[in-house]
Amino acid sequence: MAMSRHVVGWMQAAPLALVLAGFLVLPVILIVVVSFWGATEWSIYPAFLWDNYEFLFSSPVTYRVFFNTFKYALITWALTLGIGFTVAYFLAFHVRGQTTQIALFLLCTIPFWTSNIIRMISWIPFLGRNGIANQTLLDWGLINQPLEWLLYSDFSVILAFVHLYTLFMVVPIFNTMMRIDRSLLEAAYDNGASGFQTLWHVIVPLTKPGIMIGTIFVVTLVMGDFITVRFMSGSQSANVGRLISNDIALLQYPSAAATAVVLLCTVLLVIAILLRFVNIRKEL
Amino acid sequence: MGKRSTSFYVLAGFFGLFLLFLYGPTITIAILSFQGPQGGLTFPMNGVSLHWFHDLFQQQAVGDIWGAFRRSLLLGLMVMVATVVVSVMAGLAFRKRFKGSGVLFYLAITSLVIPSILISLGVGLLFDQLGFKVHWSTSGFGSQLTWTLPFGLLIMFAVFNRFDKSYEEAARDQGASAWQIIWHVILPIIAPSLIGVALFGFTLSYDEFARTLLTSGSYNTLPLEIYGMTTNVTTPVIYALGTLTTLFSLMIIALFLLTVWVMGKRRSRFGSDAGKGV
Amino acid sequence: MGREYDLELVNVSKSYGDTVAVKGLNHKFHAGSYVCFLGPSGCGKSTTLRMIAGHEDVTSGSIVLDGFDVSDLPPAKRGTAMMFQSYALFPHLSVRDNVAFSLRMKGVDQTTRHKAAGEMLELVDMSQYADRLPAQLSGGQQQRVALARALVTKPKVLLLDEPLSALDPFLRIRMRAELKKLQRELGITFIHVTHGQDEALALADEIVLMNNAVIEQSGSARDVFNAPRTEFVARFMGGHNVITLDSGKFALRADEVGVGPSGMPATVTGVEYQGAHVALNATTQSGEDVLALLPEAAFFADPKNPGDAIALTWNEGRLHRLQA
Amino acid sequence: MGREYDLELVNVSKSYGDTVAVKGLNHKFHAGSYVCFLGPSGCGKSTTLRMIAGHEDVTSGSIVLDGFDVSDLPPAKRGTAMMFQSYALFPHLSVRDNVAFSLRMKGVDQTTRHKAAGEMLELVDMSQYADRLPAQLSGGQQQRVALARALVTKPKVLLLDEPLSALDPFLRIRMRAELKKLQRELGITFIHVTHGQDEALALADEIVLMNNAVIEQSGSARDVFNAPRTEFVARFMGGHNVITLDSGKFALRADEVGVGPSGMPATVTGVEYQGAHVALNATTQSGEDVLALLPEAAFFADPKNPGDAIALTWNEGRLHRLQA
Amino acid sequence: QEIKDITLRQFGTGVSNLNEVGQKVKEDLGFTLEMTALDSDSVTQRAATQPDSFDIADIEYWICKKVWPTGNLQAMDTSKIKNYDKIVGIFRSGKLTPESVIAQGTAPHSVGFVEGPDATSFAAEETGWMTLIPTIYNADTLGIRPDLIGRPIESWAELLNPEFKGKASILDISSIGIMDMAMVCEAMGEIQYADKGNMTKEEIDKTIAIFTEAKQNGQFRAFWKTFDESVNLMASGEVVIQSMWSPAITAVKSRGIPCVYQPLKEGYRSWGGGIGLSKSLSGMELDAAYEYINWYLDGWVGGFLMRQGYYSAVPETSKNYMSENEWGYWFEGKPATGDITSPFGDVLAKAGDVRDGGSFEERMGRVACWNAVMDENQYMVRKWNEFISS
């Protein structure tokens, strides 16, 4: 062996390292740097100012928006976990025959291949004041006023999030469940465990890695989102992503960068905590 | 395991509702895309026609759907190839620990979890400060890779975790060089997974919005164009586009499954003694 | 030992779609006996065992335990317990919690169930490992934990599906002695699936030899070995030759075949040293393969090599007529 | 058969960090012999084999083949070929292409390499399966292909790491006969790793018994079985008792122990039927376990049960003194 | 190089970046005009930060105020503009008629001229060097759904009337939205601005505070950023009152949904757009660009735009491309004498209908303010951002 494994390793990893250096590390460094810069109406100039952070941390809106971001992440996480786990559980343990399992699984993944924006806007004719949902409820006489909160509300935002991201929960959980040795379930059954006891004492503990990976996906996707919130709340609600994108739209890059730095730290912190519970490389 | 339990039916019902939830909106717009020429974006249907599909192929008042489609297709293919090549190389690298591999791994994870808008913003700023022009095929391409590569890498981890090293030893034993091992043994064996990585890379790119938003320059990719349309179009033509994009995605999956199926068929041609004690 | 017959299969069948895995099995298992199911791969051993355990429904027929038809009861209510081939220990639970699992499911409080688990671990001599996770145990240790977990439910019948196959040969022999000893001590029925005839011979009070979804022969180990009913049994049990004479087919134990100055002429085709014996393979003029197990000393007194012409001898009285 | 000694290990050691897997091995392998490496799990058998093959670097020492130090050569340049435990057949290549793989790597043209592969497949009797993929073959067929693939490189030494362990017991015995036959025909050295002593006894011209990273004993199968050097060897080879007398420790073959009217008093602890024999376990008054392998007929003429008091007899001349 | 090989890249909002214009350019002038339509923010962003990505910027005057100082645009020589003299007064002197009062905000003429080709600051009056060539403009007001409101609406103050809770909307483009807000606050009598087009920080705070409170009380259904979003909100009945652009109202009406462009007693908020040339444009491309500008002012585009409800910078030339009925309806405020159709063939009005707000003079004569970029713009933008995020 002529070259050391370190050299060979780096040669093979070089393209990845280069892409990450150029399109992740440098940009993030630049964001950090620019977060201290100043801005005019149309341009940014190098400086070392705390203004952007000062403004950010002094505005009550910031806290509200961060709170909103966590709120969306938490609620979406809880719902996607509940739905994702149930669906994965059904597929993995109640559907017989691998062909059926895979077929049903694929059926779940198909909508994932459609444009997110289109999936999102498809809710509008459904949920609107005169949308299908309201019409149906009116026709059935369940309500006599259209429900306003179906669209352009936190409800619709979370609905869209759940719609977009549940699959990110289903996939890793299903994957982990499929690797659970079936004889463990029989052993539990043999030991007198009821279906629910088996679920709680055997399946859930063994599915934790999948749940963690799904959680990482959903939490980061929701925390970094800016477009779903804008669309589905009719611009009425905001999360941190929107704060940033609004700043960007108004050419206030340093201010956007400062917010971005805070968001990045928050997300990385959350993920670092989650990663303590799972060894991603091993669980794949 | 004979009779189905009650919980099976409850869960099956739940699963059905989930599918309905998943497909409901897509089906809604699929139906609405068949609106009559006078129809609007909402129910009730105002006649039934293919008008909006036809309209989609006419020039729109604003924008350039088909140009955007071509760009997205091309960009998707570029990202696909890059993702496969780079992920495989990195996957090979990560099979052995090398100095700094931990840092690189966590960078890749960061790349996966970092909010997309930061990449968009950062790359936009970077190109601006360096005096480069942003363009979908340069800055857009790179930004999308920050999203597809970690996925590709994770898939490669999964693949190599299951890869039996004795294949390589056998090949080395048979006199294959390092390159020959990769080319004649590793790549063919992991080929099905690579098709998966390719498909994934393509569609992640084809549908990527946030990371391309500030990095694509003068020409829109399809998701950006669709986004533009949501703000510039008031007719069901956008639903027709949505329906067609969905069909296009389905076609790609079908093609993929078909390939896998045909390959399987071809292989089973010679019968099998597998599992028999002979 | 209460009733004479403890567990009975009454016309039990199982089909998977078109495949018939088990066809009309009838058998009574002597209470407190060690029973081995033996047979080639795919003959239906596991399926039978799993039907007894309740992990597989019977397609038709009944499983009767202690006079009650248990065919429709869930596994834990049958009075059986199963030990799985790869042990199926819960990887997230400690040894103690694995053993105490069934008690926990019943709602037994922690002190009581830990005490019961402790006793079982004592029985299988694993007390000092109670806090380990299964992954931290060797194969033999895991097996003992699996045994303890199965036994903690005080089953009347313990079902074991190839319990020794994951062990290395050394350990396998040690563990099989332990299994046998345990069964003696507990006095309950063990039903043990294997496809090693040596294992079955060593352990079984009764061997049930299956082939093609039916029971080919059953009886004490000695009966089956010494009086194979069919050619299949003779060949499967090993140590036998099947010799075709004018009057029919006969089984002849390999250790009853000698090499003498005169006898059936044959040519040596292979010699395998087996420690105390040497296995000599020869082909007769009619093309039949015959195996002679010669005492080592006798063989090396007059060694043969492949290709040598020899004469095979045996005592006519030792020929055992086969029915099929 | 050229030189007298073909392959030599000179003071070969291997460490993984702190673990010493192989410690100062010295051994000469007789050219054209069938050598079995035997030993308990983790004793360093695979490591030794893989060092010979070149898949593992030696930490110190040399591997000398035909007088040349090959320690630093890549696997394919050593004149060795390896057959892997799970065969490691390339799943994407047909049987023919698998066998022809090494030739393809060398750039041999298709016609020539297909011809060579065809010959090898002929040798292992797999010609009619040349177009199949490995997944379409049974375990035994896969093994033959793996053999053909290893042999196509015309190695001087063929290395086999537990080649039979993936097969069911029935097939295992058949395939081991085939291996032996092939080795005879080719006249090259086979080095075969196993942890089944029966397999080693049946196959080996020479047994190398390892324990704890060193060679415990080596020699012909018969020598090792009949003259175990240490207690470990005696116990590991099986069929032996280790008896402590005033004058030291002795090995005594189990089939040399009888039950008589007088002799060493002992209590029966277990009876295992083994077909032609019955294994009777007993404990002497000093607490030593003794195994007696009794001919079946003799045993059943006067059967014993656990708990019975008996007297063990043997011929003093059969005691074999152990060195450790 | 031949003219047909020339490609000019133009970007702007969906309002005027219509592919038909590009097609017509190809027919009439022979070169290629590539059109990219973006929302207002993206337009500003691209004009300010990506000078290489375009040849022609189709932007609003208030955007020009932000972008011109970046030096990304080049001044245009009015002597090369054939119809320069026929451009309406608003874009030259600031006055529609000699006696008009100039409205508050960023009036187009105030950012329309510079001293010379390389000047970076704006000139007070006509200099012969123009920043943007005016192309399109209009006066905006509230649009309403009379069927869902059922009573007359007369004041901007109605936008915050709790009666319309959850059914009102304004647009999320700070420079425009703040002016709408100011109109509302002033009409409510909450704030008297010295100059709505140039608020003080206090005025900004107060204005935003009033709207933030309304937002928190659920006054708004949604905010919109583009023309079509406003159309969809109105047409679907999600919103019944919102600040709106005239052609958007036309678009709602063309679907058979009643919608009124409601003149209000406080007057209109107006806006104007024009095209500017990239600094990097030179040689044949520059010549082609001038050719394009002249063609633009020559009437075809004017007619095309006017028939959608906008006004052309050179109405006289546009008249040649409109029927008498159309000219009467759109420009003179006369009842239609037959069907009025959009350039895309939709029927927008029937015989006898009169355009909301009346004639050109009536509408453009009652402008209260222009979309603006104020001195405290940066502060305003931050507060705006807070408002949107609150």
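First chain written, first letter: the chains are A, B, C, D and E, and each begins at residue 1.
Basically, contacts are C-beta pairs under 8 Å (C-beta built on N, C-alpha and C of every residue); 3 or more make two chains touch, one makes a residue touch a chain.
Because the structure is predicted, anything quoted here is derived from the model rather than measured.
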Where chain D and chain E overlap in contact partners, by chain label: B
Chain pair with the higher count of C-beta pairs in contact (B-E, A-B): A-B
Innermost chain, taking as reference the mean of every protein Cα atom displayed: B
Length of the line joining the C-alpha centres of chain B and chain D, rounded to whole Å: 51
Approximate Å spacing (C-alpha centroids) for the pair chain C, chain E: 90
CA centroid of chain A to CA centroid of chain E, Å: 39
Touching two or more other chains - residues of chain A: 128, 130, 248
Contacts with two or more other chains, residues of chain E listed in rising order: 49, 225, 236
Touching two or more other chains - residue numbers and ranges from chain D: 168, 170
In the complex with chain C, residue positions of chain D that touch it: 40-41, 168-170, 177, 180-181, 184, 195-198, 201-203, 221-222, 225, 236-239, 253-255, 270, 272-276, 279, 281, 293, 296, 300, 306
Sites on chain B touched by chain E in the complex: 40-42, 59-64, 128, 133-134, 217-220, 228, 231-234
Contacting residues of chain E [partner chain B, same complex]: 9, 11, 14, 17-20, 23, 35-39, 46, 49-50, 52-54, 225-229, 231-232, 235-236, 251, 255, 344
In the complex, chain D residues that touch chain B: 53-55, 74-77, 81-82, 84-86, 88-93, 101-102, 104-106, 129, 131-133, 135-141, 149-150, 153, 168, 170-171
Residues of chain B defined as touching chain A within the complex: 1, 5, 7-8, 11-12, 14-15, 18-19, 21-26, 28-29, 32, 41-43, 85-87, 89-90, 92-94, 96-101, 104-105, 107-119, 121-123, 125-126, 129, 142-143, 145-146, 149, 153-155, 157-158, 161, 203, 207, 209-210, 214, 222-223, 226-227, 230, 238, 241-242, 245-246, 249-250, 252-253
